[in-house]
Structure formats: structure tokens, C-alpha cells
Amino acid sequence: MYSFKNDYAEGCHPKILERLVQTNLTQEHGYGEDSFTLQAKKLLREQTNLPQAEIYFLSGGTQTNLLVISSILLNHQAVISAQTGHIYANETGAIEATGHKVIPVQTTTGKLTAAAIEQTIKQFSLRPHVVEPKVVYISNSTETGSIYTKSELEELSVCCRDHGMYLFMDGARLGHALTAENNDLTLADVASLVDVFYIGATKNGALLGEAVVFSNATLAEYFDYNLKQKGALLAKGRLIGIQFMELFTDSLYFTLAAHANSMAYRLKEAIGNKGYSFAGDSTTNQLFPILPLKLISVLQRDFDFYIWQEVDEELAVVRLITSWATTQEAVNQFVAVLNAFDSI
Amino acid sequence: MYSFKNDYAEGCHPKILERLVQTNLTQEHGYGEDSFTLQAKKLLREQTNLPQAEIYFLSGGTQTNLLVISSILLNHQAVISAQTGHIYANETGAIEATGHKVIPVQTTTGKLTAAAIEQTIKQFSLRPHVVEPKVVYISNSTETGSIYTKSELEELSVCCRDHGMYLFMDGARLGHALTAENNDLTLADVASLVDVFYIGATKNGALLGEAVVFSNATLAEYFDYNLKQKGALLAKGRLIGIQFMELFTDSLYFTLAAHANSMAYRLKEAIGNKGYSFAGDSTTNQLFPILPLKLISVLQRDFDFYIWQEVDEELAVVRLITSWATTQEAVNQFVAVLNAFDSI
Amino acid sequence: MYSFKNDYAEGCHPKILERLVQTNLTQEHGYGEDSFTLQAKKLLREQTNLPQAEIYFLSGGTQTNLLVISSILLNHQAVISAQTGHIYANETGAIEATGHKVIPVQTTTGKLTAAAIEQTIKQFSLRPHVVEPKVVYISNSTETGSIYTKSELEELSVCCRDHGMYLFMDGARLGHALTAENNDLTLADVASLVDVFYIGATKNGALLGEAVVFSNATLAEYFDYNLKQKGALLAKGRLIGIQFMELFTDSLYFTLAAHANSMAYRLKEAIGNKGYSFAGDSTTNQLFPILPLKLISVLQRDFDFYIWQEVDEELAVVRLITSWATTQEAVNQFVAVLNAFDSI
Amino acid sequence: MYSFKNDYAEGCHPKILERLVQTNLTQEHGYGEDSFTLQAKKLLREQTNLPQAEIYFLSGGTQTNLLVISSILLNHQAVISAQTGHIYANETGAIEATGHKVIPVQTTTGKLTAAAIEQTIKQFSLRPHVVEPKVVYISNSTETGSIYTKSELEELSVCCRDHGMYLFMDGARLGHALTAENNDLTLADVASLVDVFYIGATKNGALLGEAVVFSNATLAEYFDYNLKQKGALLAKGRLIGIQFMELFTDSLYFTLAAHANSMAYRLKEAIGNKGYSFAGDSTTNQLFPILPLKLISVLQRDFDFYIWQEVDEELAVVRLITSWATTQEAVNQFVAVLNAFDSI
């Protein structure tokens, strides 16, 4: 049984384990003051072209989202998100639990636009009877696998600046976005266009770890306190520091993401060749093909994946995810089963 | 420079790394549903003699404290803690940030007593103008290195039951408590006397990880939701599961803690032999000797440790911590410098 | 200039002031333990036919909504509301500020249905990654002036019971609902069909005051603590007690609401007679006529009201509200201006 | 039975009721935009000598404390209070419920000093493991009836400014403080020495109402949003505006407080003349005499008051409170019973 359920089914890239073994008994300072963490921050400041950025390492996406957003917002302020955004749809009300409304915006693409933000601002104008939208939350790649182009991100960046809002990018799958075939953004572009973003490694080769980069360093003034207060400050910060040190040496992070995408593209091509269509327009490592229920049954004998949504009595959307660890063999096998399926 | 600053200066016990390497590419379910986590829970249920316990794995002490307490308390309820308790003194208001008052109780030993709890209940009786004390928080070992005896814990347990309160033990250093020379509690005793406790591994051989054991399983009814909502649910739960699997195989956890204690005892004996006294009566891996400032200066050339509190112009309390990784050599060196010191 | 902007432009019904004057120097217990409050509770228990109900008096709608909802929900639970619901649209994120998500449901009528609730429950089923919907919030009359029929409320009541959810009715304008021409609910019906509701008086004759009635008294177990903790417990509870005592003597509350409705009906009839249509189907004291901008300009010379929404270059929705204090003369004048308007 | 239990046993000063009656049917804007509220703000700006102050009217002390503090503090910040401070001792954890720690300071007088604040700052210096003390909360008069002198308040003001902290005065009984026989502060002095304070009227002649004055107007930037979000914005703000308009016309507020104090002084003198001592050194309307239990029993036949604390088998501290409404006759009667008591 091979799993295409998610991109966190395996451990981590072997280089990371090697380095953990190598450095294991070195004594280091606690709480992220260790030499590995400092080195990882140095690498990220260089590769984002942001020498002044404030950088912190966290354990997972929900933790990062709630910490960044709750540390930036004042009591009466809110965050705008696509209705499909992870903070709105999949995090057990984590943002609301910190006291802030998430304002959902309907989209067909999973992506926000300046027009949608401006309309939302208008809807929330009857001060003080409504919240003040202050952060715009976007994911890249999005929860449906789509990505932002450079011009789209520039437009959002200008819109946020014009309205005194902060632009925050959830990069749980940033590697997959930046190595997608239709991507025209660099890591430095992202860093220059948003106020704060994170580089997700849990879903791209690490055991755990998200690197929050505050391009707008003033937003990080008290982030250390918030980290500790919310229980996110690891005693052995070295664990995440070492992982980012490895991932951002020799572009390992991007190599891994590109591999995940390329595995997805093979699946996508094979599925398309069989004449099936897709829900959404993913160019990254998440695919949402619409398949016959009979084919799904056949595939389920050998593969694990989510049935995402029932379409009708004959069809359903499934979600297939590839990762840094997805093997060529598994993809070949999947394609073979697919191709062998005769719908008649 | 050798560090006695804390018990999280090194990585983890080598057996853990070996197992991480061995299992690295096995595909597992996410979010703590992996086979390692299930196996670790099985081991803990056996060793606590609590077949029905609900068990969860978290990343650190502050996270665990705030999650357990905030998931148990209703809005108007509060937690009682020694004034030296970690939740009162060292966690950046993490409990208050979840909306709950921590009621401090002055102690000389770092330990709470039934009498102190009953007095606190009386002080908080003017409903609804005061909070309702509902959880009693204790640490074992305490923040000053002391431990609870079986009769002390029984007394607290009865007191809490009588008053409809929950007894919660912070076991960030539970291993050190249960292997202390003057300890008469077993892991199963603890499990039977408290409502919920945790077994800390971050400070005893793991990269990160605390195992929360709900003896009173009804208190855990919605703990999974709370975990996710507060950003504490790791995608790769296997990382902590594997560590507890290793630590609770062949009593590794207790062997490591006993080592830390024995290293502390050598330091304690040597310091005592030189005629220095201690602040507090620690029998675990944290020592608080009162040393001449001149000796401190000499020690600081080779060793790193905290100056805890100034006593007068000539003396200060320092904190020395040993761990599973503390070497015999380092202890010997420390003792040699100590013995070579001539105060005249 | 006469205002139809809201139903809180005047003070209170003169009988209330008379009673305040009469009782002013009587010494009474504080914090809602006064004899007037006790008497008001007695009247409400009789008139709701709920001898065991727990009743509390609060100062306003937002305060009541946030207190009821936050005192009922556990951390991970959420409340379902129509997208037009006051808690979703107009209370500055007050519910979210207590840590809970408000799940919006699109409606055309401002009213929730069992079908909508069941669909929402299905959408929020991926435990623990989503919140647990636990309270259903409805307003009667709704924010658009519509009301629930007895069968609609029964259906919601059954649905909530079947799913272990609590049904909470915001009755900021309950009087107007229960005296609407198409109403078939009694106060006792409401009381028997919901778990908790409130009877709003701020918008129906009082200086301030909402009476929360917990039909399901177990939900009120700790409401007193919550009241105090959120700053809602008035030292001189008599102020609200006296008002409810007066309003629920000789049905004054319903007489006042019926007056407000009848004033609205005259406006509605006159507007309809002129051939204008309405946004929404209000049968209570809020009207949303769609009027020519030119007529609006003419009306604005003598009357104050909100322009609710622009429709196109010639038309806009306005909101007209009548109240217990609206005079026949003001309504006649408005109708006269309306009738004198010649659209050509 | 006459009550000396508190200063909110009666309604309000008759002038207020007269004005409520007089203005009752005038149409006014809602939410504190009415003409009475604007006029009351004008009076307060003049009498505090703070033309730029931001002023808001709230309903009670707990509500005001929690709103001011939670709107000023960032997530990781805390408030320092005397252990006897109302926010620490008597408000059901209201501040903690907004997410902030209250740091208690032991005092013998109920008053904070610069020295105590500086010591607290030192104790909370291990960033980020501890909260950042940011607001100093004082009450004037204090919960034990004592008052701050001008030099004491100046010292606190300088200390707070030096440390970048905000000074907040709870003035629930400010009138009684400023009219105490040993007072040397004016309202304008208070206004110039603190960042924010409130003028309590609930306990000095109003039905309800506290006026928050932000001397440091920048702290009020988003207070309107916070007011609404916490359910403290009254639809009919006129109710409190009218009361402050009356109380700050012809110094009624101070006349009423001076009356309360003078009634207390008569009691104090009579009790002292009988040879009884007092717990604490009150010069305002709260007295804490230490009386024989037998005398207490006799007094309880005719008077209602709190037994504050048992001293030993023969003595207890009681609390006697006078108010704007306390009658000469009641005081005379109390003194008569007292004088008639023969302890043998």
C-alpha cells in the first residue's frame, strides 16, 4: 500500500539525519540561541536578500499562523483569508481562539485579489461596529495547488501598502510554489513583496519546522515573548536550526520541492491522457483529479489517498499528494493501474 | 568550556537517533496516528498501570502546561501553584494568556500542601467576585530540585478529591524525581494519585517531547481539538512517538535520569565537603549551592552555569544542572577546580 | 428633524421613570439581589411558563450575545449564525474575541433552517482539524425584520436536540416579533423551544436592559461568575430589575412593541401604495424600502434614516425603524412628504 | 434595618432623575454621540484641564478596568497591582480573562511605591521567559480607604515615565479621595500625573457610570472598537452622559463625596472615642474598625454591614461604608447603639 495522502508520511531527508547524528553531543545554548540556528538564519537572510530580516523557527503551520497573526493584530483587528485558506478551513478556529475574526472571501482559484480586498475593506467600514481588517493572509502554493504570479503578488503588495495592511504569506508549501513550472517568483521576490512569510519544511523534507521571516522587522519586535507565551519556543532549538541549515545548503530545499512537483506532473499527465479532468488548476504537488468511482475503487487496492468530494453517483474528486520522498516506482505503478483501467 | 546551565544542551540519546534513521522512510499516518506513537502509548499504559489512560505527546513544558490547564478549566476557574511553580514564574504568562488566573502560594520548599490549598479555597469563596480554584498544579521534581513523597502526594490527592479539584503534575523532570535517592513513588503511584500528569523527555534524553497522561480520562474528552487549535499537533507525530518508544523500552528513561542524579550527587558531595551550604534541599539534578564570588569567578573560566541570586557582597547562589549526557570527566574536572580553590 | 434611524433614540417609557423616582432612596442589595430584580424574575418565570428558568439581566445586546455564547461553549466549539446575524455582521468580532469561531450561513431571509444546520455540521466533521458547531444562533425578529413561525422554530429545536446542539435566540427585538401580524409564537412557546434566549428591552422601552432566560437551566450553572468576569454585573442591578418589573406588568412590553409595529405598518402601506418595493419581507418595526434617490433627498430634509445600500444610479435601499416612542404625527408627516413626491 | 454594607444601596441623586425625566423624549443619537454625552465630555475636559483628553463613559468598575488594561497592553505585557487591588482580589480574574497577568505586590497600606515597582521590574527581566510589566494599576481611594498624596503620585508618575510604563488610576471612589481631609490632590493634578484614570460615579450618586479619561490620548486610539467588542457600548449612551453632566455641574460630584466622608468621620470619631482601633488608616468613606463580637451582634440588630475578617475569639474587623445617601439620622442611631454598648 503506497500513500499519496499527504506530504508528511515519511521522516526527513537523510542529510538531515546525518547532521543530527554528527552534532548530537555538542553542547549548545537552548531556546534557539544555538550555533546551528544562527547559521540557518544567516543562510536565510542571504538567500532572501534581507540582511535585516527577523527570523524565527517554529514547529508547524497552525502554530506559525496563529503566532504571526495574533502577534501582529490588535484586539479589534481581523485577518482576510480566502474561504479555502488553511486558517479559515482547517485549523480548528486557531485564529479565532486568539481573539481575532477571520474574514472569508469567496474565490474560484484559492487566491485573493486586490479587488476582493478592497471590497472587503468597504464592507467593514462602520467603525466601531465592525472589525478592522489589518492582515491579508495568502497561501503559496494555495490549498488547491495553485500559485501566485509575480504580478499578482505585486498587486496585493501595493494594495496592502496603500491601505496600511500587512501582507502575510503562508508558505507551508512555498518550495513547491517556487519550483512550479509556471512560477516566476524568486524567494527574494517573495521576501520583498510581503511583510512576513514562512518557509515550510515539515512538508518538504524536514521532521518538523517552519521558518518565519519578517521582512518588515518592526512587526517582530515582541515575537520572542509571544513564542514563549504560546508554548512554541523549543528548548532544543537546534533541532530545527540544523534542518534549515541543511535544507538551505546547496539548494536542497528547492531540489526536494522540484522533485515533488515533477512526480505530480507525471501523475497529472497520465490522468489527463486518460481524459479525466481536474478540480482546480494545480501546478504543484497537490492534484485534484475527478475520477470514476470504479477507478477509485481499483486504485484504493494499492494506494492510499483522500476522496475529497463526491461529484455525482459516478464521479468523485480525489486528492493526490506527492512529496520529496515520493518514488518514481510508486508513480509508475499508479500510472500503470490507471492505464489498465477500462471504464467499460 | 563545559556547561552545567541546563539539561537540554545536547541532542538526544543515541538509541533514539538510531531508531529515527532506521524508520526514516517508512510511510506512516500523520498527526500522531502512526504506529510508533501507538506503540509508545501502549508501553506507557502498561508502565503506568492505566489501561484506560488517554495519552498525548507534546513538544515542550510550557505548551503542555497551557494546553492541559486551559482544556480542563472553565472560563471562571483558576489554577493554584507554588509561587516558584514554572507556570507562575517562568512561562511569560502563558496560562493567563489562555484566560485563567494562576493563584500563587508562598512555600519554602517549592511544594504545595493540603493545608495551603484549603486556605486558598477559603480566600476564594466570595462567589462570583472571585475565581473558582479548580486545578492544583505541582511539579515533581520541583523547580528547586525537591521531590514529593508518597504520603505528601496522597494527602494532596485526597484534598483535591474532597474539594472537587483536579490534581495536575508537571513532570518535566519526573524521571529525576522518581529516581532520586529519597524517592518512594513509582510511576504507577503517580498515575493513580493525580488526574493528569506528564512525563518530560525534553530534559531527559529526547530531542523534544512530553507525554501527557490523563489518568482521569474524561478530562481528555476534547484534548485532540485543543491540541490542534493551539498549534501543538505535529504533522509528523512519529518524531515524538519514536522517542518515547525508545525511552520506555528497557527503562532507558529511568536509567538516564538516574545518571543525571548520580552526577549531581557527586557535585553535591564535593561542594558539601568543602563546607558550602545550599539554597533549598534538592535531591535531584538541580543544585543551588551558595558559593563565594571568588570561587564562582574561578569556576566560570571552565564552566558555564547560572548565577541564580546574589546573597551578599561575598556570596551568591548558583544553579548547577546535570543531565543524562553529563560526563564523569566534566564532573571530575569541576570537583578538581572546586577542591583546588583556596578561599584565603 | 425626526429620526427613523433606530429604536433607541428616546429615553424610556414614562412609567419606568416614575417607578425609578418612587423607589429611588430605598436601600437595596447590590449586584442583582435587590427586591425589584427578584420580582422581575418572578414575573418572567410566570410569563414564560418556566418556573425553573435561570434569569439574568444584562445591559445590551452585544454584551448578552458574547456572554451567553462564551459561557456555553468549550474552547474548540463554535456557533452557527446567518451571515446577516448580528453576531457575525455587527459586533466587532465580539464572539471571536472570546475565542470562538462564528460560522456564517448564507440565507435570503435572515433565517436559519434545519437543512442549513445539517449541511454545516457535515462540513465541520474532520475532527480535530475543524471546530465543533455547538450553538445555533438565531435572531427573532431578524436583522432584516423577518420573524420565525412556530413550525420553523420547532424544526430548529428538533434539529438542535437531535445533534446535541444548543439553540440560542437573540431577542433584541423579541417584542416586535411576538406582536407581528403574521406571528404565531407565544413567549412561552419560545421559552419551551430554545435552550436560552433573551428579551430585549433597550429597543423596546427601557433605558437599557436585556433579560437572559435559560430555559435549559443547567447551561447557567456558572453564568454569575461569567457575568462578573466580563464586567457585566451592575452594582445597582435594581436599575434593570425595575424596568423589567414595569415592562412585564400589564403587558406593557408587548403593548409598546405592537405600537412600534403598527407605526411601521402605516409606513409600509403608504410606501407600497406609491408602488415602491422592499428589500426583504419585514413584518416588524424595521423596513427596507427601495426608493428613488430623488425621493430620499426630499425625505432627508425632514427625516433622519440610514441609506442602507445603493441599488443603482436611481435607487437605494433605506432603513426605516419605528419604536415604542414613534408618534402618529411623525408617521403622518412622513407619509405626507412621500405622497407629495412626484417622481416625474 | 439600615445598611452600611456598600455605597450603592440607593438609586441616584434626585437631580439626575429630574434631568432624566426632563429630557426623556428628546431624540438623540445612539452610542454615546448624544448631546448630553458631548456636554459631559466638555465639562470633564475643562475640569481636568485637559482639552485634548479622550473620554469615554462605561457602566462599572470591573468593565472599565478590564477594558482600559486590555486595550493598552500587548499580548506579552502585564499589569502591576497591590495585592489588595480590586483587579487582583475582587474581579473574578477579569484581567487574566483578557489574557494578561496581574502581578501582585504586597503592601501594608494598599498603595504602591516607586521602589516596589522597580523591584518588580527587576524580577521580570529574563526576557522572553517572563511577562513585561507595562501598566501600573493604583486605586485612589484604595480598597482599604487610604489615599495617595500629591508627592506619592508624582513619584509614581516619574517612575512610570522613566520605565516606559503607563500609570492607570482606578477612581471608582475618586471623589472620596479628592475630598478626604488629608488630600492635597486636585482633579487636574490627577489628570496631569497619570496616563489614564476614571472618575467613578456608580459609588457616588449615579445609577451607573464611570468616566474614563485618557490624559495620554494616544492610548485611546482604538478604544471605541474595544468598547464595542467587549459589549460595553450602550445604545442609549445618554443615560450615562446625563448623569455626568449633572454631577459635574456645580461640583455636585464633590459635594456628594464630601458628604459621604463626613458621615464616615463621625462614625470614625465615635468608634475611636470608645477606644476601638482600626485595621488600616482610612480617611475616606470606608472604615475597618476592630470591634468586639458582642458589640457586632448588638449592632447587627439594626444595621447591615460586612464582617471583614475574624481577628480572634473576641474581635473581628468589620467594614462600614457611607455614601452620598447616608443620612445623619442613621449615623446618629449607629453611634447611639455603639455608645450604649457596655462591654462588661
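We just call them A, B, C and D in the order they show up, numbering each chain from 1.
Assume a residue touches a chain if its C-beta (ideal position, glycine included) is under 8 Å from a C-beta of that chain, and two chains touch if they have at least 3 such contacts.
Listed by chain with UniProt protein names: A, B, C, D = Aminotransferase class I/II-fold pyridoxal phosphate-dependent enzyme.
Fair warning: this is a prediction, and the values are worked out from it, not measured in the lab.
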Exercise. So which one's got more C-beta contacts, A-D or A-B?
Worked result: A-B
Exercise. In terms of CA centroid distance, which chain is the most far removed from chain B?
Worked result: C
Problem set entry | Distance from chain D to chain B - Cα centre to Cα centre, in angstrom | 42
Exercise. Rounded to the nearest whole Å, what is the centre-to-centre distance of chain A and chain B, using the mean of the C-alpha atoms as each centre?
Worked result: 34
For this session: Let me have the rounded angstrom distance from the C-alpha centre of chain A over to the C-alpha centre of chain D, please.
Result: 51
Problem set entry | Residues of chain B whose C-beta touches two or more other chains | 75-76, 91-93, 97, 99, 128-129, 131, 225, 228-229, 233
Problem set entry | chain B residues within the chain D interface of the complex | 75-76, 78, 89-93, 96-102, 104, 126, 128-131
For this session: Would you tell me which residues of chain B are touching chain A in their complex?
Result: 2-3, 5-6, 8-12, 14, 17, 20-21, 23-30, 59-67, 91-94, 97, 202-203, 207-208, 225, 228-236, 238-239, 325
Seminar exercise, completed: Listed in rising order, the residues of chain C that touch chain B in the complex are 70-71, 74-76, 99, 127-129, 131-132, 222, 224-229, 233
